[in-house]
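What follows is a group of structures, each given as structure tokens.
Two complexes come next, and they have one chain in common, subunit A, joined by subunit B in the first and subunit C in the second.
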Partner chain A sequence: MASVKIKVDGREIAVEKGTNLIEAAKNAGVAVPHFCYHPGLPVVGVCRICLCELEGRPKLVAGCATQVEEGMHVITRSAKVADARRAVMEFLLIHHPLDCPMCDKGGECTLQDYTMLMGPARSRFKFEKITWPEEDVGGKLVLNKNRCILCMRCVNLCKEVAGLDEIAVLSRGEQTYIGTVDGRKIENELAGNIADICPVGALTSKDFRFRARPWELTNVSSVCPHCSKGCNITVGYHPRRNEILRITARTNMDVNQWWICDRGRGGFHFLHDPKRLLAPARAANGTSRPVPWKQAILDIAQALRDIIVRHGARAVGVVGSGTLTNEECYLTRAVFKDGLGVSNVDFPPRPQPEVAYKKFTIEGDKDPNARGAALCGVAPGASGLGVRDMMRAAAEGTIKALVFLRGGPLDLFGDPAIVERALQKVDLLLVVDFVPSPVSDRAHWVLPGVTFAEKEGTFTNSNGRVQRIRKVLTIRGDTREDWRILQDLGQALGVLPVTDPDPERIFLRLAQAVPAFSGLSYSTVGELGAPIAAATADVAVG
Partner chain B sequence: MLTATFEPVLTKTMQYPESHTLEVYRKHGGYEALAMALQKQPDEIIDMVKRSGLRGRGGAGFPTGTKWGFVPKSTDKPKYMCVNADESEPGAFKDRLICQKDPHQLLEGTLIGSYAIGANRAYIYIRGEFAHEARLLERAIEEARTAGFIGRNILGSSWSCEVTMYVGAGAYICGEETGLIESLEGKRGWPRLKPPFPAVVGLFGCPTVVNNVETLACVPHIVKLGWEWFSSIGPERNSGPKLYGLSGHVNRPGVFELPMGISLRELIDEHGGGVPGGRPVKGVIPGGASCPVLRGDEIDLPMDFDSLTRAGSLFGTGTPIVMDDTTCMVRAAWITARFFAHESCGQCTPCREGCGWMQRLLWKIETGEGEERDLDTLLSITDQIEGNTICALGDAAAWPTRGFAKKFREEFLQHITERRCPLGGGSLH
Partner chain C sequence: MLSPEARQRIESLKTVYETNQSALIPALHVAQADQGWLSEETQREVASILGLTAQAVRQVVTFYTMFQQKPVGRHLIQVCRNLSCSLLGGQKLQKQIQDKLGLEDGETTQDGRFTYLSVECLGSCGTAPVLMVNDRYYENVTPQQVDRLLEELK
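Up next, the complex of A and B:
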């Protein structure tokens, strides 16, 4: 695209044609304040805080709605601009309740920040303020119209990203307000983004509000584990409580732009499920007892070895998971396929209907790493069986040992009656998971793995993009990262000659073993991910 | 006196009974201009209108021919003509008269304008309160369609044009041309960010011209009598006949067709019959509520765009509101501010918040609760609104408040020091 030369406050820069003044100024290191402008939403130009001066023009222009032109000189540091900004700030605050101490947005509020930055410290407005009652507008949001500055981001998010007119601007003049029609509720699953982009405390998240002040949170970059899209997220973690309190969207133009869906946003409460599996356990005769890790690993390895010696590797079935990381999928393959010669290796897909909004699709494949699992070789080897056939074979007695790297409802793995029979019949049923499930309930051995927020690793999204997840929480109880469990098993089974101390080094091994990942490392994957090698993108490694 | 030799054209047929019918309109030469226009190239019409010096009668005074000239010639998109019949400016009731008494004159002008810009469809956006006028216009459209002035191959030419009337829901802001377009598209009547201007991206994203009723009513006469005739009337750059809507404290309020540039005092004294009881003129809002007030001693000036701008006010729609010495100027300012606060669309910050604040301050002063610093605040609010908004409503609200507060500062201060309205609220309620 053609670029134009402009000056911003005297500093000459070249920017792409079509850039607006806010973005152009940013390139020049000049921050132009803005409330209504959002790069992912249509320009509405209503807040007027971004007014800029153009040399030679008498009237100020809205920085959001004005595009650069060759030779333009944008002035943001003149008295005229300062006056206009001060004017807008004063206007925005006349009916604002100034209730920052009890407002959930406090600490991450644009209005608060700008007020601190450019005043005014006192209001000249000495009249009764217009007030509104608080309102539940659905979408897991609470609307406090008193704080609203009518930037319309919420309206435009629903309209332009979700493609639904579920929230609108109503009435006019100073009685203008944001609301739903006839008190209906917002139902689209992108509405949570409103809490992210509302520049004030008008629309806040029911799930997060009053749980913590934003400055108490440590923000960690990660990837959403709820579908194959691989949306980039920021995990808000409360270190003192060792608790995740919220998930917000992290901008990645190649994946999710500025948005995430509400399933991902709210989908972290399972981490703190009181029913989490917290210690290795051996079940026998209807009772379950904890076993120390070392003992458990050795006993399981012994049992597996015995079955292979007696019945061969064909008597073992390994059910992997598309929710495990690339590193773990690679280890699944290294231990069971390459190491033990098990060809019955597969993972069950978890499809659900795709939800396609105007500019955002919630993908139907509910595994965050199905692509990575397939690429890493979590797939049947030569004459190996798929998940359903494994269940049938186990029910018929030809498979004697089943290893589930994640449990689930019985029907995830096949006809529930067959799965039930399979689980009852096998001599060894090992389940690695972090919550109990109908499968783990029937297991001989249960090893407590961890969630996406308690380990490092990478996922490969449906588009072939490798992205990092981060360890956020301190490991709970006697749980262990799945990659560690797989390495421990591999060691005990004598099939992993070397182990690595962290997933970063496992990833390097994986990058050498699997062509699709060739050349990648955690540093090349970085914060925003990197695509797998295009030529090998669709070739699964068997 | 300018008016001695002036012959009314816009209101000429209105004196006849049933002047709103096609029959009467045609009897007096109606639709002859359309036939003449269709013999010419569209560009010739635009050129004529440019040379005539016709400036928009909706308030801004933008040269009509120039506006038409902005419509791109080479475009695959349809073009639209929009008639702004959303006359809502307090004090203005001139367009209403045309719709009522001579709707065919408007239709003929609309059709010629549509032909000139290459539009095959015109929309007449009429304010919701003009229910009677809307019915008359609707009937006029039917008549014209039946007579072959609207529809396919008009008067045997290759040009076709449909005219559709759309009744607004009663919002001043829909008289702002992009607010009108939004409303016509079925959306909230919120003005658009400009550029792009309607001539390039207008109705349904297509090139569009929005013209005031009176502006278009002038067009048939320009075609018929020539641009030279039109430009010979009135001062330079402010040519043509004009409908002045006179109201307030005058003996004969009403619409008067007179040349542009007529003296305001003459308009009030001669045509309006002076102030009742011979009372002195205290102030005149010269062109509708958004125009800054003039003091009674400032009204010896020509009523035209440039003269009023020079005088620190605005010609607006050329519809003066006269106030005698019984009028409280604070109350007048408050009533004006209340109107704009009520009509502010609420879209952009300065107008939405500033108008309501000005209204509150004015009421505070009017009721004797004001302090001197309120006057300073009031004036600074007008500065904070002016020029910082999306559309001109912000300016239109700021100007009159500033005008009243500056021109009648003494009276404002008197309210403050006496802690009451010295006129007991005055004659306005």
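Up next, the complex of A and C:
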């Protein structure tokens, strides 16, 4: 792309042709304030806070709606600009309530920040302010029109990203407001993004509002575990309460741009499910009793060994999971396939209809790491059985031990009647999971694993991009990271000569063993992920 | 329900403009002339003939004060409440009319004779204060003129 030379506040830089002044100034390290402009939305130029001066031109221009031209000198810090911006702020604040302390956006509000930065500290508006009641507009959002500055970001998010005309600018003049039509609600599953991009406290998330102040949260970069797209997210964690309070979109231009879907946004409540599995347990004769980890691991290894000695490795079936990390999938293969010689190793796909919006698709594959699981070798070995066949074989009695690294509803694994029979019939049923399920309800042994927010690791998304998830919080109770459980089992079974103290080192081992991951490490994966080796991308390891 | 003639005219407007969105304002004029005002149902009919969303139609209807969202009286009085008019006595005219007719903003007299509305800019600042009765402009309006007007309009 052709580039042009410009000056921003005296500093010369070269920027791509077609760049607007806000982005150009950013390249020069100068922040131009903006409310309505968003790089992912059409330029509407309505808020006027981005006014800049151009040398030699009498009138100020909107930085968002003006493109660079060769030789242009953009001035963002003159008295003229400061005056104009202060006037814009005064207008924006005319009807705005002065109650930041009781607004949910307080602390991360652009209007508040700009007022502190450059706005007039007092209002000259002596008349009655227009007020509106709060309103549920759907999309898990609450609308407080008193705070709205009519930037149109919400309207354009629905229109341009979701492709649905669900919220509109209505009426005109000082009566102008944002609203839905005919009492309908916002229904698109991208609406939660509005809470991220509304520059003020006008549209806030029902799920998060008034649960905490933003500065109380520790923000951790992670990856959404709810489909194979692998959207980058920021997990807002409240350290004192040891609780996750929200998930917001984290920009990654190669994956999700600026957005995430509402399933990902709201998909953390299961973490705090009171029914979570919190201690290893042995079930016999209809009762379940907790067993210390060490004992549990030894007993399970013993039982598994006995079955292999008596019936061979063909009598074991291992149901892995596309929700486990690459590291864990690698260990699944290392322990069961390479170590014990089990070839019945597989994981069940969890397909659902894909939802394709105008500029964002929620993928149909509900596993965040199906691609990684397959690449790491969680797939049947030579003459090994897939999940459904394993269930049949177990129901017929040829498979004697079933290991589920995640449970689920019976029909996830095959015809529910057959699965039911399989689970009843096997001599050993081990389930590793973090919540009870119909499978764990029938297990002889249950080991409590953890969720994506309680461990380190990586997922490989449907595009072959390897991205890191982070340990955000500690769950009370006697749970253990799944990679630890797999290593413990491998050790007790005598098939894992060395173990690693953390997933970062497991990953290095994996990168050596699986060609697709060769050359990758946590530092090359970084904050935004890295693609698997293209040439080997689709060669699964058997 | 729009009359068959009105429907026909809106249909034919579709061929006049490059996009149906552009045909919206003329179409709404046709619909309003047909029905006297634009109910939500009428707006939906227009939307469906033009293949637009209900939102797209509502934004336009609520923006232009010439489109009525409630049934109106025989004489629709619209007084500008914007800056120039306010500075030159528009607010006094508003109060005068409201007091005389006993109407809140947007109300219609029992006998269906008058509807009163205060509106944003009528686009005639140079001759402020300005008011409109149905399609007719009254400029540089004085309180005496208003009194006379309210008498004359039956």
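Details
To be clear about the criterion, the second predicted complex is superposed on the first by the 541 of 542 C-alpha atoms of A that agree within 3 Å, B and C clash if a C-alpha of one lies under 4 Å from a C-alpha of the other, contacts with A are read in each partner's own complex, and residues count from 1 in each chain.
Rule of thumb we're sticking to: a residue touches a chain if its C-beta (ideal position, glycine included) is under 8 Å from a C-beta of that chain, and two chains touch if they have at least 3 such contacts.
Because the structure is predicted, anything quoted here is derived from the model rather than measured.
For the composite obtained by superposing both complexes on subunit A, the positions of subunit B and subunit C are in clash.
If you count the residues of subunit A touched by subunit B and by subunit C, you find the higher number for B. Within the superposed three-chain model, A:His95 lies in touch with subunit B and out of touch with subunit C [touch as defined at top]. Looking at the shared chain after the overlay, A:Gly45 reaches subunit B, while subunit C stays out of its contact range. Of the two partner chains placed around the shared chain by superposition, subunit B and subunit C are both touched by A:Arg172. After overlaying the two complexes on the shared chain, residue contacts for A:Leu60 are found with subunit B alone; subunit C is out of touch. By the document's definition of touching, of the two partners only subunit B reaches A:Phe125; subunit C does not.
After superposition on chain A, the subunit B segment that clashes with subunit C is 333-341; the remaining candidates among 189-197, 261-269 or 333-341 show no clashing C-alpha atoms.
On subunit A, the patch touched by subunit B and the patch touched by subunit C overlap at residues 169, 171-173, 175.
Against subunit B, in their complex, subunit A makes its touches with residues 43-49, 51, 59-60, 62, 65, 83-84, 87-88, 90-92, 94-95, 124-125, 127, 149-150, 169, 171-176. Residue ranges of subunit A in contact with subunit C, taken from their complex: 165-173, 175, 180-182, 184. If you check the complex, the residues on subunit B that touch subunit A are 171, 173, 188, 193, 341-350, 352-357, 360, 364, 377, 383-385, 387-390.
Residue ranges of subunit C in contact with subunit A, taken from their complex: 40, 44, 53-56, 58-59, 62-65, 82, 120-121.
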